[in-house]
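Just so it is clear, A, B and C label the chains in written order, and each chain counts residues from 1 on its own.
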(Lines give C-alpha, C1' and ligand atoms only; values in the text may rest on other atoms or scores of the structure.)
Protein backbone atom coordinates (compact mmCIF):
# COMPACT_ATOMS: atom_id res chain seq x y z
CA UNK A 1 0.00 0.00 0.00
CA UNK A 2 1.63 3.16 -1.21
CA UNK A 3 -1.12 5.28 0.34
CA UNK A 4 0.22 7.98 2.62
CA UNK A 5 -0.72 7.26 6.22
CA UNK A 6 -1.49 10.39 8.15
CA UNK A 7 -2.46 8.64 11.36
CA UNK A 8 -0.14 5.63 11.46
CA UNK A 9 -0.56 4.85 15.16
CA UNK A 10 -4.04 3.53 14.51
CA UNK A 11 -2.37 0.50 13.02
CA UNK A 12 -1.63 -0.57 16.59
CA UNK A 13 -5.13 -2.10 16.70
CA UNK A 14 -3.99 -4.66 14.17
CA UNK A 15 -0.84 -5.38 16.16
CA UNK A 16 -2.98 -6.05 19.22
CA UNK A 17 -5.38 -8.24 17.23
CA UNK A 18 -2.43 -10.28 15.99
CA UNK A 19 -1.09 -10.67 19.51
CA UNK A 20 -4.51 -11.91 20.59
CA UNK A 21 -4.61 -14.47 17.78
CA UNK A 22 -1.14 -15.71 18.74
CA UNK A 23 -2.44 -16.16 22.26
CA UNK A 24 -5.49 -18.04 21.01
CA UNK A 25 -3.19 -20.34 19.03
CA UNK A 26 -0.99 -20.89 22.09
CA UNK A 27 -4.09 -21.71 24.17
CA UNK A 28 -5.38 -24.31 21.72
CA UNK A 29 -1.90 -25.88 21.48
CA UNK A 30 -1.59 -26.05 25.27
CA UNK A 31 -5.02 -27.70 25.51
CA UNK A 32 -3.92 -30.33 22.99
CA UNK A 33 -0.76 -30.87 25.07
CA UNK A 34 -2.91 -31.36 28.16
CA UNK A 35 -5.00 -34.04 26.48
CA UNK A 36 -1.94 -35.84 25.13
CA UNK A 37 -0.35 -36.05 28.58
CA UNK A 38 -3.21 -36.06 31.03
CA UNK A 39 -1.09 -36.75 34.11
CA UNK A 40 0.46 -33.32 33.65
CA UNK A 41 -3.03 -31.80 33.46
CA UNK A 42 -2.60 -29.51 36.46
CA UNK A 43 0.63 -28.09 35.05
CA UNK A 44 -1.04 -27.42 31.70
CA UNK A 45 -4.03 -25.89 33.45
CA UNK A 46 -1.77 -23.31 35.06
CA UNK A 47 -0.03 -22.61 31.78
CA UNK A 48 -3.37 -22.04 30.07
CA UNK A 49 -4.48 -19.78 32.93
CA UNK A 50 -1.37 -17.67 32.28
CA UNK A 51 -2.13 -17.62 28.56
CA UNK A 52 -5.69 -16.50 29.29
CA UNK A 53 -4.34 -13.81 31.57
CA UNK A 54 -2.06 -12.52 28.80
CA UNK A 55 -5.07 -12.52 26.48
CA UNK A 56 -7.12 -10.48 28.93
CA UNK A 57 -4.38 -7.91 29.07
CA UNK A 58 -4.23 -7.55 25.27
CA UNK A 59 -8.02 -7.26 24.99
CA UNK A 60 -7.97 -4.68 27.74
CA UNK A 61 -5.38 -2.71 25.75
CA UNK A 62 -7.65 -2.80 22.69
CA UNK A 63 -10.64 -1.51 24.64
CA UNK A 64 -8.56 1.09 26.39
CA UNK A 65 -7.05 2.32 23.14
CA UNK A 66 -10.51 2.35 21.59
CA UNK A 67 -11.76 4.70 24.27
CA UNK A 68 -8.88 7.07 23.64
CA UNK A 69 -8.73 6.98 19.85
CA UNK A 70 -10.67 9.34 17.65
CA UNK A 71 -10.06 7.92 14.19
CA UNK A 72 -10.06 4.13 14.11
CA UNK A 73 -9.11 1.97 11.11
CA UNK A 74 -12.40 0.02 11.43
CA UNK A 75 -15.69 1.09 13.00
CA UNK A 76 -15.29 1.16 16.80
CA UNK A 77 -18.12 -1.35 17.29
CA UNK A 78 -16.41 -3.76 14.89
CA UNK A 79 -13.11 -3.42 16.72
CA UNK A 80 -14.94 -4.15 19.95
CA UNK A 81 -16.74 -7.13 18.42
CA UNK A 82 -13.51 -8.61 17.05
CA UNK A 83 -11.67 -8.12 20.36
CA UNK A 84 -14.58 -9.58 22.28
CA UNK A 85 -14.70 -12.73 20.10
CA UNK A 86 -10.95 -13.24 20.40
CA UNK A 87 -11.35 -12.95 24.16
CA UNK A 88 -14.14 -15.54 24.12
CA UNK A 89 -12.09 -18.04 22.10
CA UNK A 90 -9.37 -17.95 24.74
CA UNK A 91 -11.88 -18.01 27.61
CA UNK A 92 -13.62 -21.14 26.35
CA UNK A 93 -10.27 -22.83 25.72
CA UNK A 94 -9.40 -22.16 29.33
CA UNK A 95 -12.84 -23.27 30.51
CA UNK A 96 -12.26 -26.63 28.80
CA UNK A 97 -8.86 -27.00 30.47
CA UNK A 98 -10.29 -26.10 33.88
CA UNK A 99 -12.94 -28.76 33.53
CA UNK A 100 -10.45 -31.48 32.65
CA UNK A 101 -8.82 -30.87 36.03
CA UNK A 102 -12.01 -30.20 38.01
CA UNK A 103 -13.70 -33.40 36.88
CA UNK A 104 -10.68 -35.56 37.69
CA UNK A 105 -10.28 -36.78 34.15
CA UNK A 106 -7.66 -39.52 34.12
CA UNK A 107 -7.75 -40.74 30.54
CA UNK A 108 -8.14 -38.51 27.53
CA UNK A 109 -11.00 -39.09 25.15
CA UNK A 110 -9.98 -39.63 21.52
CA UNK A 111 -12.86 -37.50 20.29
CA UNK A 112 -11.72 -34.64 22.52
CA UNK A 113 -8.23 -34.65 20.99
CA UNK A 114 -9.80 -34.70 17.55
CA UNK A 115 -12.03 -31.77 18.43
CA UNK A 116 -9.12 -29.78 19.88
CA UNK A 117 -7.25 -30.53 16.65
CA UNK A 118 -10.09 -28.81 14.81
CA UNK A 119 -9.86 -25.93 17.28
CA UNK A 120 -6.14 -25.65 16.53
CA UNK A 121 -6.81 -25.53 12.80
CA UNK A 122 -9.60 -23.00 13.26
CA UNK A 123 -7.56 -20.58 15.36
CA UNK A 124 -4.79 -20.82 12.76
CA UNK A 125 -7.33 -19.71 10.16
CA UNK A 126 -8.40 -16.95 12.53
CA UNK A 127 -4.79 -15.86 12.81
CA UNK A 128 -4.48 -15.74 9.02
CA UNK A 129 -7.71 -13.87 8.42
CA UNK A 130 -7.08 -11.32 11.17
CA UNK A 131 -3.63 -10.60 9.67
CA UNK A 132 -5.39 -9.69 6.42
CA UNK A 133 -7.60 -7.07 8.05
CA UNK A 134 -4.85 -4.49 7.55
CA UNK A 135 -5.64 -4.57 3.87
CA UNK A 136 -9.38 -5.02 3.79
CA UNK A 137 -9.79 -3.77 0.24
CA UNK A 138 -6.96 -5.67 -1.40
CA UNK A 139 -7.46 -8.92 0.49
CA UNK A 140 -11.22 -9.05 0.32
CA UNK A 141 -11.32 -12.31 -1.60
CA UNK A 142 -8.74 -14.07 0.57
CA UNK A 143 -10.53 -12.88 3.71
CA UNK A 144 -13.84 -14.34 2.59
CA UNK A 145 -12.12 -17.61 1.70
CA UNK A 146 -10.67 -17.93 5.20
CA UNK A 147 -14.11 -17.20 6.63
CA UNK A 148 -15.59 -20.01 4.55
CA UNK A 149 -12.84 -22.34 5.78
CA UNK A 150 -13.60 -21.40 9.39
CA UNK A 151 -17.24 -22.25 8.80
CA UNK A 152 -16.24 -25.57 7.24
CA UNK A 153 -14.04 -26.40 10.23
CA UNK A 154 -16.84 -25.50 12.63
CA UNK A 155 -19.10 -27.96 10.81
CA UNK A 156 -16.41 -30.63 10.97
CA UNK A 157 -16.05 -30.00 14.72
CA UNK A 158 -19.78 -30.27 15.18
CA UNK A 159 -19.75 -33.67 13.53
CA UNK A 160 -16.93 -34.93 15.74
CA UNK A 161 -18.75 -33.70 18.84
CA UNK A 162 -21.99 -35.32 17.74
CA UNK A 163 -20.38 -38.68 17.01
CA UNK A 164 -18.44 -38.69 20.26
CA UNK A 165 -21.57 -37.89 22.22
CA UNK A 166 -23.45 -40.67 20.46
CA UNK A 167 -20.74 -43.15 21.46
CA UNK A 168 -20.76 -41.92 25.06
CA UNK A 169 -24.53 -42.38 25.18
CA UNK A 170 -24.27 -45.90 23.86
CA UNK A 171 -21.47 -46.75 26.29
CA UNK A 172 -23.90 -45.93 29.09
CA UNK A 173 -21.40 -44.69 31.71
CA UNK A 174 -23.34 -41.64 32.79
CA UNK A 175 -20.64 -39.93 34.84
CA UNK A 176 -18.20 -40.31 31.98
CA UNK A 177 -20.85 -39.04 29.58
CA UNK A 178 -21.56 -35.95 31.68
CA UNK A 179 -17.91 -35.21 32.26
CA UNK A 180 -16.95 -35.29 28.59
CA UNK A 181 -20.12 -33.63 27.41
CA UNK A 182 -19.19 -30.62 29.54
CA UNK A 183 -15.62 -30.57 28.24
CA UNK A 184 -16.70 -31.08 24.64
CA UNK A 185 -19.17 -28.23 24.96
CA UNK A 186 -16.46 -25.80 26.01
CA UNK A 187 -14.19 -26.79 23.12
CA UNK A 188 -17.09 -26.53 20.71
CA UNK A 189 -17.93 -23.09 22.08
CA UNK A 190 -14.35 -21.96 21.48
CA UNK A 191 -14.73 -23.06 17.86
CA UNK A 192 -18.15 -21.40 17.68
CA UNK A 193 -16.58 -18.12 18.74
CA UNK A 194 -14.16 -18.45 15.82
CA UNK A 195 -17.18 -18.79 13.57
CA UNK A 196 -18.80 -15.75 15.18
CA UNK A 197 -15.59 -13.85 14.58
CA UNK A 198 -15.61 -14.90 10.92
CA UNK A 199 -19.18 -13.64 10.85
CA UNK A 200 -18.16 -10.23 12.20
CA UNK A 201 -15.29 -10.07 9.71
CA UNK A 202 -17.58 -10.96 6.82
CA UNK A 203 -19.92 -8.17 7.81
CA UNK A 204 -16.98 -5.75 8.03
CA UNK A 205 -15.96 -6.77 4.51
CA UNK A 206 -19.51 -6.28 3.26
CA UNK A 207 -19.66 -2.86 4.89
CA UNK A 208 -16.37 -1.74 3.34
CA UNK A 209 -17.17 -3.11 -0.12
CA UNK B 1 -46.80 -0.81 -4.73
CA UNK B 2 -47.00 1.36 -7.78
CA UNK B 3 -43.55 2.76 -7.18
CA UNK B 4 -41.27 2.46 -10.16
CA UNK B 5 -38.50 -0.03 -9.51
CA UNK B 6 -35.23 1.00 -11.04
CA UNK B 7 -33.22 -1.87 -9.66
CA UNK B 8 -35.68 -4.76 -9.70
CA UNK B 9 -33.15 -7.55 -9.38
CA UNK B 10 -32.56 -6.65 -5.75
CA UNK B 11 -35.91 -8.24 -5.04
CA UNK B 12 -34.16 -11.57 -5.50
CA UNK B 13 -33.09 -11.32 -1.86
CA UNK B 14 -36.71 -11.69 -0.84
CA UNK B 15 -37.15 -14.67 -3.16
CA UNK B 16 -34.18 -16.36 -1.51
CA UNK B 17 -35.49 -15.55 1.97
CA UNK B 18 -38.81 -17.12 1.07
CA UNK B 19 -37.08 -20.23 -0.25
CA UNK B 20 -35.20 -20.46 3.04
CA UNK B 21 -38.42 -20.19 5.07
CA UNK B 22 -40.01 -22.93 2.94
CA UNK B 23 -37.01 -25.08 3.73
CA UNK B 24 -37.31 -24.31 7.46
CA UNK B 25 -40.98 -25.35 7.32
CA UNK B 26 -40.08 -28.56 5.49
CA UNK B 27 -37.43 -29.31 8.12
CA UNK B 28 -39.80 -28.87 11.04
CA UNK B 29 -42.43 -31.01 9.29
CA UNK B 30 -39.90 -33.76 8.63
CA UNK B 31 -38.81 -33.71 12.27
CA UNK B 32 -42.43 -34.13 13.36
CA UNK B 33 -42.73 -37.05 10.92
CA UNK B 34 -39.65 -38.62 12.47
CA UNK B 35 -41.11 -38.45 15.96
CA UNK B 36 -44.46 -39.84 14.85
CA UNK B 37 -42.83 -42.87 13.25
CA UNK B 38 -39.62 -43.46 15.14
CA UNK B 39 -38.76 -46.76 13.45
CA UNK B 40 -38.26 -44.80 10.23
CA UNK B 41 -35.93 -42.40 12.06
CA UNK B 42 -32.87 -43.10 9.92
CA UNK B 43 -34.83 -42.47 6.74
CA UNK B 44 -36.14 -39.15 8.11
CA UNK B 45 -32.65 -38.23 9.27
CA UNK B 46 -31.39 -38.50 5.70
CA UNK B 47 -34.32 -36.51 4.40
CA UNK B 48 -33.64 -33.73 6.91
CA UNK B 49 -29.93 -33.77 6.02
CA UNK B 50 -30.96 -33.15 2.41
CA UNK B 51 -33.25 -30.34 3.49
CA UNK B 52 -30.44 -28.78 5.49
CA UNK B 53 -28.17 -29.09 2.48
CA UNK B 54 -30.70 -27.25 0.32
CA UNK B 55 -30.90 -24.57 3.01
CA UNK B 56 -27.14 -24.13 3.03
CA UNK B 57 -27.18 -23.60 -0.68
CA UNK B 58 -29.87 -20.89 -0.47
CA UNK B 59 -28.06 -19.09 2.36
CA UNK B 60 -24.85 -19.30 0.37
CA UNK B 61 -26.65 -17.66 -2.55
CA UNK B 62 -27.80 -14.82 -0.29
CA UNK B 63 -24.29 -14.18 1.00
CA UNK B 64 -22.81 -14.46 -2.45
CA UNK B 65 -25.36 -12.06 -3.91
CA UNK B 66 -24.75 -9.71 -1.01
CA UNK B 67 -21.07 -9.54 -1.82
CA UNK B 68 -21.83 -8.68 -5.41
CA UNK B 69 -24.73 -6.24 -4.96
CA UNK B 70 -24.25 -2.55 -4.54
CA UNK B 71 -27.74 -1.36 -3.67
CA UNK B 72 -29.60 -3.75 -1.38
CA UNK B 73 -33.28 -3.48 -0.38
CA UNK B 74 -32.34 -3.71 3.32
CA UNK B 75 -29.06 -2.86 5.01
CA UNK B 76 -26.45 -5.48 4.14
CA UNK B 77 -25.89 -6.36 7.80
CA UNK B 78 -29.62 -6.96 8.25
CA UNK B 79 -29.75 -9.20 5.19
CA UNK B 80 -26.83 -11.13 6.62
CA UNK B 81 -28.47 -11.37 10.04
CA UNK B 82 -31.76 -12.61 8.59
CA UNK B 83 -30.03 -15.18 6.40
CA UNK B 84 -27.89 -16.32 9.28
CA UNK B 85 -30.89 -16.84 11.59
CA UNK B 86 -32.77 -18.77 8.91
CA UNK B 87 -29.70 -20.94 8.50
CA UNK B 88 -29.56 -21.55 12.26
CA UNK B 89 -33.24 -22.56 12.45
CA UNK B 90 -32.62 -25.29 9.89
CA UNK B 91 -29.32 -26.32 11.49
CA UNK B 92 -30.84 -26.84 14.93
CA UNK B 93 -33.76 -28.74 13.41
CA UNK B 94 -31.23 -31.06 11.81
CA UNK B 95 -29.21 -31.27 15.03
CA UNK B 96 -32.33 -32.51 16.84
CA UNK B 97 -32.96 -35.13 14.16
CA UNK B 98 -29.34 -36.29 14.24
CA UNK B 99 -29.54 -36.78 17.98
CA UNK B 100 -32.70 -38.86 17.79
CA UNK B 101 -30.76 -41.34 15.66
CA UNK B 102 -27.41 -41.05 17.47
CA UNK B 103 -28.90 -41.72 20.88
CA UNK B 104 -30.81 -44.77 19.72
CA UNK B 105 -34.17 -43.35 20.65
CA UNK B 106 -36.79 -46.07 20.26
CA UNK B 107 -39.94 -44.42 21.58
CA UNK B 108 -40.90 -40.82 20.97
CA UNK B 109 -41.48 -38.53 23.91
CA UNK B 110 -44.89 -36.83 23.95
CA UNK B 111 -43.34 -33.54 25.09
CA UNK B 112 -40.94 -33.65 22.15
CA UNK B 113 -43.79 -33.94 19.64
CA UNK B 114 -45.55 -31.07 21.38
CA UNK B 115 -42.41 -28.95 21.23
CA UNK B 116 -41.87 -29.74 17.55
CA UNK B 117 -45.49 -28.77 16.99
CA UNK B 118 -44.62 -25.36 18.44
CA UNK B 119 -41.56 -25.25 16.17
CA UNK B 120 -43.83 -25.97 13.19
CA UNK B 121 -46.17 -23.14 14.18
CA UNK B 122 -43.25 -20.79 14.77
CA UNK B 123 -41.59 -21.40 11.40
CA UNK B 124 -44.97 -20.85 9.75
CA UNK B 125 -45.09 -17.45 11.45
CA UNK B 126 -41.53 -16.86 10.27
CA UNK B 127 -42.59 -17.70 6.74
CA UNK B 128 -45.44 -15.20 6.95
CA UNK B 129 -43.41 -12.39 8.44
CA UNK B 130 -40.52 -12.84 6.02
CA UNK B 131 -42.97 -12.66 3.11
CA UNK B 132 -44.07 -9.23 4.38
CA UNK B 133 -40.54 -7.82 4.31
CA UNK B 134 -41.04 -6.86 0.68
CA UNK B 135 -43.39 -4.15 1.85
CA UNK B 136 -41.79 -2.98 5.07
CA UNK B 137 -43.59 0.34 5.14
CA UNK B 138 -47.10 -0.83 4.29
CA UNK B 139 -47.00 -4.00 6.38
CA UNK B 140 -45.32 -2.55 9.45
CA UNK B 141 -48.21 -3.33 11.77
CA UNK B 142 -48.73 -6.87 10.50
CA UNK B 143 -44.99 -7.54 10.72
CA UNK B 144 -44.86 -6.49 14.36
CA UNK B 145 -47.89 -8.65 15.15
CA UNK B 146 -46.22 -11.74 13.69
CA UNK B 147 -43.12 -10.93 15.74
CA UNK B 148 -45.23 -10.80 18.89
CA UNK B 149 -46.81 -14.13 17.96
CA UNK B 150 -43.35 -15.65 17.47
CA UNK B 151 -42.37 -14.45 20.94
CA UNK B 152 -45.57 -15.92 22.37
CA UNK B 153 -44.86 -19.27 20.72
CA UNK B 154 -41.31 -19.25 22.03
CA UNK B 155 -42.66 -18.77 25.54
CA UNK B 156 -45.14 -21.59 25.04
CA UNK B 157 -42.29 -23.83 23.84
CA UNK B 158 -40.23 -22.90 26.84
CA UNK B 159 -43.06 -23.99 29.11
CA UNK B 160 -43.44 -27.33 27.35
CA UNK B 161 -39.70 -27.94 27.59
CA UNK B 162 -39.66 -27.03 31.27
CA UNK B 163 -42.58 -29.29 32.16
CA UNK B 164 -41.16 -32.19 30.18
CA UNK B 165 -37.80 -31.83 31.87
CA UNK B 166 -39.48 -31.72 35.28
CA UNK B 167 -41.26 -35.00 34.50
CA UNK B 168 -38.05 -36.60 33.28
CA UNK B 169 -36.30 -35.57 36.49
CA UNK B 170 -39.06 -37.04 38.60
CA UNK B 171 -39.08 -40.27 36.58
CA UNK B 172 -35.44 -40.70 37.58
CA UNK B 173 -34.20 -42.61 34.51
CA UNK B 174 -31.00 -40.64 34.01
CA UNK B 175 -30.03 -41.94 30.59
CA UNK B 176 -33.50 -41.17 29.30
CA UNK B 177 -33.35 -37.76 30.94
CA UNK B 178 -30.02 -36.91 29.34
CA UNK B 179 -31.06 -38.21 25.95
CA UNK B 180 -34.24 -36.16 25.77
CA UNK B 181 -32.74 -33.12 27.42
CA UNK B 182 -30.23 -32.96 24.58
CA UNK B 183 -32.91 -33.40 21.92
CA UNK B 184 -35.25 -30.90 23.58
CA UNK B 185 -32.45 -28.36 23.75
CA UNK B 186 -31.88 -28.53 20.01
CA UNK B 187 -35.58 -28.09 19.25
CA UNK B 188 -35.78 -25.21 21.69
CA UNK B 189 -32.73 -23.61 20.09
CA UNK B 190 -34.41 -23.83 16.69
CA UNK B 191 -37.40 -21.96 18.16
CA UNK B 192 -35.04 -19.49 19.86
CA UNK B 193 -33.51 -18.69 16.50
CA UNK B 194 -36.99 -17.86 15.23
CA UNK B 195 -37.30 -15.42 18.11
CA UNK B 196 -33.88 -13.96 17.32
CA UNK B 197 -35.02 -13.54 13.74
CA UNK B 198 -38.16 -11.75 14.93
CA UNK B 199 -35.85 -9.55 16.95
CA UNK B 200 -33.78 -8.65 13.90
CA UNK B 201 -36.93 -7.97 11.91
CA UNK B 202 -38.33 -5.73 14.65
CA UNK B 203 -35.12 -3.72 14.66
CA UNK B 204 -35.28 -3.43 10.86
CA UNK B 205 -38.83 -2.11 11.17
CA UNK B 206 -37.76 0.38 13.83
CA UNK B 207 -34.89 1.53 11.64
CA UNK B 208 -37.09 2.06 8.60
CA UNK B 209 -39.88 3.78 10.54
CA UNK C 1 -26.94 19.49 32.75
CA UNK C 2 -28.03 23.03 32.05
CA UNK C 3 -28.73 22.22 28.42
CA UNK C 4 -32.20 23.19 27.29
CA UNK C 5 -34.30 20.11 26.59
CA UNK C 6 -36.65 20.61 23.69
CA UNK C 7 -38.03 17.09 23.70
CA UNK C 8 -38.17 16.20 27.37
CA UNK C 9 -40.62 13.31 27.06
CA UNK C 10 -37.93 11.15 25.53
CA UNK C 11 -36.48 10.88 28.99
CA UNK C 12 -39.28 8.40 29.72
CA UNK C 13 -37.06 5.71 28.19
CA UNK C 14 -34.69 6.13 31.11
CA UNK C 15 -37.57 5.94 33.59
CA UNK C 16 -38.64 2.66 32.05
CA UNK C 17 -35.08 1.32 32.07
CA UNK C 18 -34.81 2.16 35.77
CA UNK C 19 -38.10 0.42 36.48
CA UNK C 20 -36.77 -2.65 34.68
CA UNK C 21 -33.57 -2.64 36.74
CA UNK C 22 -35.61 -2.38 39.95
CA UNK C 23 -37.55 -5.40 38.80
CA UNK C 24 -34.33 -7.29 38.03
CA UNK C 25 -33.08 -6.49 41.54
CA UNK C 26 -36.38 -7.65 43.06
CA UNK C 27 -36.14 -10.88 41.06
CA UNK C 28 -32.62 -11.68 42.23
CA UNK C 29 -33.59 -10.91 45.83
CA UNK C 30 -36.63 -13.17 45.62
CA UNK C 31 -34.50 -15.98 44.22
CA UNK C 32 -32.10 -15.63 47.15
CA UNK C 33 -35.09 -15.76 49.50
CA UNK C 34 -36.25 -18.95 47.82
CA UNK C 35 -32.90 -20.63 48.35
CA UNK C 36 -32.69 -19.53 51.98
CA UNK C 37 -36.10 -20.99 52.77
CA UNK C 38 -36.59 -23.84 50.35
CA UNK C 39 -39.79 -25.14 51.93
CA UNK C 40 -41.49 -21.93 50.81
CA UNK C 41 -40.17 -22.48 47.27
CA UNK C 42 -43.59 -22.64 45.60
CA UNK C 43 -44.63 -19.36 47.21
CA UNK C 44 -41.42 -17.67 46.02
CA UNK C 45 -41.89 -19.18 42.58
CA UNK C 46 -45.24 -17.44 42.26
CA UNK C 47 -43.78 -14.18 43.52
CA UNK C 48 -40.99 -14.35 40.94
CA UNK C 49 -43.50 -15.16 38.22
CA UNK C 50 -45.34 -11.95 39.15
CA UNK C 51 -42.07 -10.02 39.09
CA UNK C 52 -41.27 -11.42 35.66
CA UNK C 53 -44.74 -10.44 34.49
CA UNK C 54 -44.20 -6.87 35.69
CA UNK C 55 -40.85 -6.87 33.83
CA UNK C 56 -42.51 -8.02 30.61
CA UNK C 57 -44.95 -5.18 30.85
CA UNK C 58 -42.18 -2.57 31.27
CA UNK C 59 -40.17 -3.98 28.38
CA UNK C 60 -43.31 -4.00 26.27
CA UNK C 61 -43.78 -0.30 27.11
CA UNK C 62 -40.21 0.43 25.97
CA UNK C 63 -40.72 -1.34 22.66
CA UNK C 64 -44.10 0.25 22.15
CA UNK C 65 -42.77 3.72 22.90
CA UNK C 66 -39.85 3.04 20.58
CA UNK C 67 -42.18 2.31 17.71
CA UNK C 68 -44.02 5.58 18.30
CA UNK C 69 -41.09 7.91 19.01
CA UNK C 70 -39.27 9.82 16.33
CA UNK C 71 -36.32 11.30 18.22
CA UNK C 72 -34.86 8.93 20.79
CA UNK C 73 -32.18 9.80 23.36
CA UNK C 74 -30.08 6.81 22.24
CA UNK C 75 -30.06 5.00 18.92
CA UNK C 76 -33.24 2.93 18.60
CA UNK C 77 -31.27 -0.30 18.16
CA UNK C 78 -29.38 0.41 21.38
CA UNK C 79 -32.60 1.08 23.29
CA UNK C 80 -33.93 -2.21 21.96
CA UNK C 81 -30.74 -4.05 22.90
CA UNK C 82 -30.73 -2.63 26.43
CA UNK C 83 -34.41 -3.47 26.96
CA UNK C 84 -33.92 -6.91 25.55
CA UNK C 85 -30.99 -7.68 27.88
CA UNK C 86 -32.91 -6.42 30.92
CA UNK C 87 -35.77 -8.69 29.89
CA UNK C 88 -33.38 -11.64 29.61
CA UNK C 89 -31.90 -11.05 33.07
CA UNK C 90 -35.35 -11.32 34.61
CA UNK C 91 -36.33 -14.28 32.41
CA UNK C 92 -33.31 -16.35 33.43
CA UNK C 93 -33.85 -15.47 37.08
CA UNK C 94 -37.36 -16.82 36.76
CA UNK C 95 -36.14 -19.86 34.84
CA UNK C 96 -33.84 -20.71 37.77
CA UNK C 97 -36.72 -20.34 40.24
CA UNK C 98 -39.01 -22.51 38.11
CA UNK C 99 -36.42 -25.26 38.02
CA UNK C 100 -35.96 -25.28 41.77
CA UNK C 101 -39.64 -26.18 42.06
CA UNK C 102 -39.86 -28.45 39.02
CA UNK C 103 -36.93 -30.61 40.09
CA UNK C 104 -38.28 -31.07 43.62
CA UNK C 105 -35.25 -29.52 45.24
CA UNK C 106 -35.50 -30.02 49.00
CA UNK C 107 -32.20 -28.66 50.26
CA UNK C 108 -30.48 -25.60 48.92
CA UNK C 109 -26.97 -25.87 47.55
CA UNK C 110 -24.43 -23.53 49.18
CA UNK C 111 -22.83 -22.76 45.84
CA UNK C 112 -26.21 -21.76 44.43
CA UNK C 113 -26.76 -19.20 47.20
CA UNK C 114 -23.27 -17.88 46.57
CA UNK C 115 -23.94 -17.59 42.87
CA UNK C 116 -27.26 -15.83 43.45
CA UNK C 117 -25.40 -13.48 45.77
CA UNK C 118 -23.18 -12.60 42.81
CA UNK C 119 -26.31 -12.15 40.69
CA UNK C 120 -27.68 -9.76 43.31
CA UNK C 121 -24.47 -7.73 43.29
CA UNK C 122 -24.37 -7.72 39.50
CA UNK C 123 -27.94 -6.48 39.04
CA UNK C 124 -27.21 -3.74 41.60
CA UNK C 125 -24.30 -2.65 39.39
CA UNK C 126 -26.64 -2.83 36.41
CA UNK C 127 -29.09 -0.60 38.25
CA UNK C 128 -26.33 1.93 38.94
CA UNK C 129 -24.92 1.97 35.43
CA UNK C 130 -28.34 2.22 33.78
CA UNK C 131 -29.16 5.21 36.02
CA UNK C 132 -26.06 6.97 34.61
CA UNK C 133 -27.20 6.59 31.01
CA UNK C 134 -29.15 9.85 31.33
CA UNK C 135 -25.83 11.65 31.34
CA UNK C 136 -23.74 9.66 28.92
CA UNK C 137 -21.23 12.41 28.31
CA UNK C 138 -20.64 13.53 31.88
CA UNK C 139 -20.66 10.07 33.44
CA UNK C 140 -18.60 8.32 30.81
CA UNK C 141 -15.84 7.34 33.21
CA UNK C 142 -18.17 6.12 35.96
CA UNK C 143 -20.20 4.14 33.40
CA UNK C 144 -17.12 2.33 32.14
CA UNK C 145 -16.07 1.55 35.72
CA UNK C 146 -19.41 -0.08 36.49
CA UNK C 147 -19.09 -2.09 33.28
CA UNK C 148 -15.68 -3.34 34.40
CA UNK C 149 -17.15 -4.27 37.78
CA UNK C 150 -19.95 -6.21 36.06
CA UNK C 151 -17.34 -8.11 34.09
CA UNK C 152 -15.40 -8.82 37.27
CA UNK C 153 -18.52 -10.13 38.99
CA UNK C 154 -19.32 -12.32 36.00
CA UNK C 155 -15.87 -13.86 36.27
CA UNK C 156 -16.34 -14.40 40.00
CA UNK C 157 -19.69 -16.10 39.29
CA UNK C 158 -18.08 -18.29 36.70
CA UNK C 159 -15.55 -19.47 39.24
CA UNK C 160 -18.21 -20.30 41.81
CA UNK C 161 -20.19 -22.23 39.22
CA UNK C 162 -17.11 -24.13 38.09
CA UNK C 163 -16.07 -25.07 41.64
CA UNK C 164 -19.58 -26.14 42.57
CA UNK C 165 -19.86 -28.28 39.48
CA UNK C 166 -16.50 -29.88 40.23
CA UNK C 167 -17.72 -30.81 43.72
CA UNK C 168 -20.97 -32.21 42.36
CA UNK C 169 -19.01 -34.35 39.91
CA UNK C 170 -16.80 -35.68 42.65
CA UNK C 171 -19.78 -36.38 44.93
CA UNK C 172 -21.05 -38.69 42.21
CA UNK C 173 -24.81 -38.32 42.82
CA UNK C 174 -25.82 -37.93 39.21
CA UNK C 175 -29.41 -36.84 39.72
CA UNK C 176 -28.27 -34.17 42.16
CA UNK C 177 -25.55 -33.14 39.73
CA UNK C 178 -27.98 -32.78 36.86
CA UNK C 179 -30.54 -30.96 38.92
CA UNK C 180 -28.12 -28.32 40.19
CA UNK C 181 -26.24 -28.04 36.93
CA UNK C 182 -29.48 -26.97 35.29
CA UNK C 183 -30.28 -24.47 38.03
CA UNK C 184 -26.73 -23.12 38.10
CA UNK C 185 -26.81 -22.65 34.36
CA UNK C 186 -29.89 -20.45 34.55
CA UNK C 187 -28.38 -18.27 37.28
CA UNK C 188 -25.15 -18.00 35.33
CA UNK C 189 -27.08 -17.03 32.22
CA UNK C 190 -28.82 -14.26 34.17
CA UNK C 191 -25.39 -12.95 35.14
CA UNK C 192 -24.15 -13.38 31.56
CA UNK C 193 -26.98 -11.19 30.35
CA UNK C 194 -25.77 -8.48 32.75
CA UNK C 195 -22.38 -8.76 31.11
CA UNK C 196 -23.97 -8.56 27.67
CA UNK C 197 -25.81 -5.46 28.81
CA UNK C 198 -22.53 -3.93 30.02
CA UNK C 199 -21.17 -4.75 26.58
CA UNK C 200 -24.01 -2.91 24.85
CA UNK C 201 -23.55 0.05 27.18
CA UNK C 202 -19.80 0.15 26.53
CA UNK C 203 -20.45 0.24 22.80
CA UNK C 204 -22.99 3.03 23.30
CA UNK C 205 -20.37 5.00 25.22
CA UNK C 206 -17.79 4.41 22.49
CA UNK C 207 -20.27 5.52 19.85
CA UNK C 208 -21.13 8.73 21.69
CA UNK C 209 -17.50 9.57 22.53
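One rule holds for everything that comes next: a contact is a pair of C-beta atoms (placed from the backbone, for glycine too) under 8 Å apart; a residue touches a chain by one contact, two chains touch by 3 or more.
Since this is a predicted model, take the numbers as computed values, not measurements.
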Field: Topology of the chain contact graph, where touching chains are joined (line, ring, star, complete, other)
entry: complete
Query: Same or different for subunit A and subunit C, where same means more than half of the interface numbers show up on both copies?
result: different
Task: Provide the C-alpha centroid distance between subunit A and subunit C, rounded to the nearest whole angstrom.
output: 27
Task: Give the residues of subunit C that touch two or more other chains, as numbers and ranges in rising order.
output: 174, 178
Query: Touching subunit A in the complex: which residues of subunit C?
result: 144, 158, 162-163, 165-166, 169-170, 172, 174, 177-178, 199, 202-203, 205-207, 209
- prompt: Okay, in this complex, where on subunit C does subunit B touch?
  reply: 63, 66-67, 76-77, 80, 84, 95, 98-99, 102-104, 174-175, 178-179, 182
